[in-house]
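Letters A, B and C mark the chains in the order given here, with residues in each chain numbered from 1 onward.
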């Protein structure tokens, strides 16, 4: 069994941001030389997500509006987590809807994707340096 | 390390449909000869889900009603994604709640399940040919 | 390839309960001797979750309140699943938001976590003996 572990880092610029990291993951896969296996991609933060969906601007607007409705940022005082001095309780909830991680099949040295699958980092509490873990195991 | 990769295909007949694919996955596992490992099952589409829950008709009705409330199909014009000519923005949202994939342990040549776990394909934007990826790695 | 499979069992005391099982998973990893691999942790029940988030009491209160709003327990008769004699339809829905499983990277013999990641069992229909599966594959 072979494995590779790498970390993608970036600074997010706003509270809500969806960043397409598919190419970054593909580069790591190419470096690994792994032909058949499983690729885990997860956020290392608890107020952001990794998820797979469409790279379409209108949809990303819809995600923002929808998540804000299901887990509103305001009023900040409605959340007990924010009594600790934080104001990101909503981001911890949003991340549960969108998910922490994805696991993608590696087949014939490629991410084994349907035609529209793209990997996104979803930021819900931005303005800091963030890290994504990519680990591939296989042969 | 050993691996098997197969694709389950079917046509969905209505916009909302939950299809039990547990037996299909078990057949692939039997063909693989893998005794200990991990089995990934994911939708290859971005408006449908793979998830594990109960095979109970009343519950499936509840899922339908609940998802429609959290991410309503109508009014279609409320979603910016639908400005592209699509009318499935709600399906992209529903899929995030229900999830893209499951990873199941393979132990002693079986899917290592609790008594009620069953694997479902959840269709939220139907009437087309759909594909599910099953990849098992192990020994 | 090496693997270990273990089951964590416990009794939950109330309908809603979040139990930090990170140390239990770390002990299993230490017993396995696996240095590089993937660790699957899943609930074996269909009305509870495994998820990764913050071990902060205020946030756990917020999760409870939020899930109760998105998938209310009452009125019990509003769910068709409860016509079967159950009264836990809401728990099956809550589990979909919070997720069935997590997959964690194992790097240099450790769970490869960001600073705040902790693994929780989320109970939404308690008062019974419950089981969590931990499977690690790697080398």
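The rule we apply is simple: contacts are C-beta pairs under 8 Å (C-beta built on N, C-alpha and C of every residue); 3 or more make two chains touch, one makes a residue touch a chain.
Not measured: the values here are computed from a predicted model.
Comparing the residue numbers each copy contributes, subunit A and subunit B share less than half of them at their mutual interface.
It takes 120 degrees of rotation, in steps of 5, to superpose the Cα atoms of subunit B onto those of subunit C.
Subunit A and subunit B have Cα centroids lying 20 Å from one another. Multi-chain contact residues of subunit C (touching two or more other chains): 1, 38, 70, 97, 99, 103, 137. For subunit C in complex with subunit B, the touching residues are 1, 3, 5, 38, 40, 42-46, 70-71, 79-84, 89, 92-93, 95-97, 99-101, 103, 131, 133, 135, 137.
Subunit A contributes residues 1, 36-38, 51-54, 56-59, 61-63, 66, 70, 97-99, 102-105, 107, 112-114, 116-117, 137-139 to its touches with subunit B in the complex.
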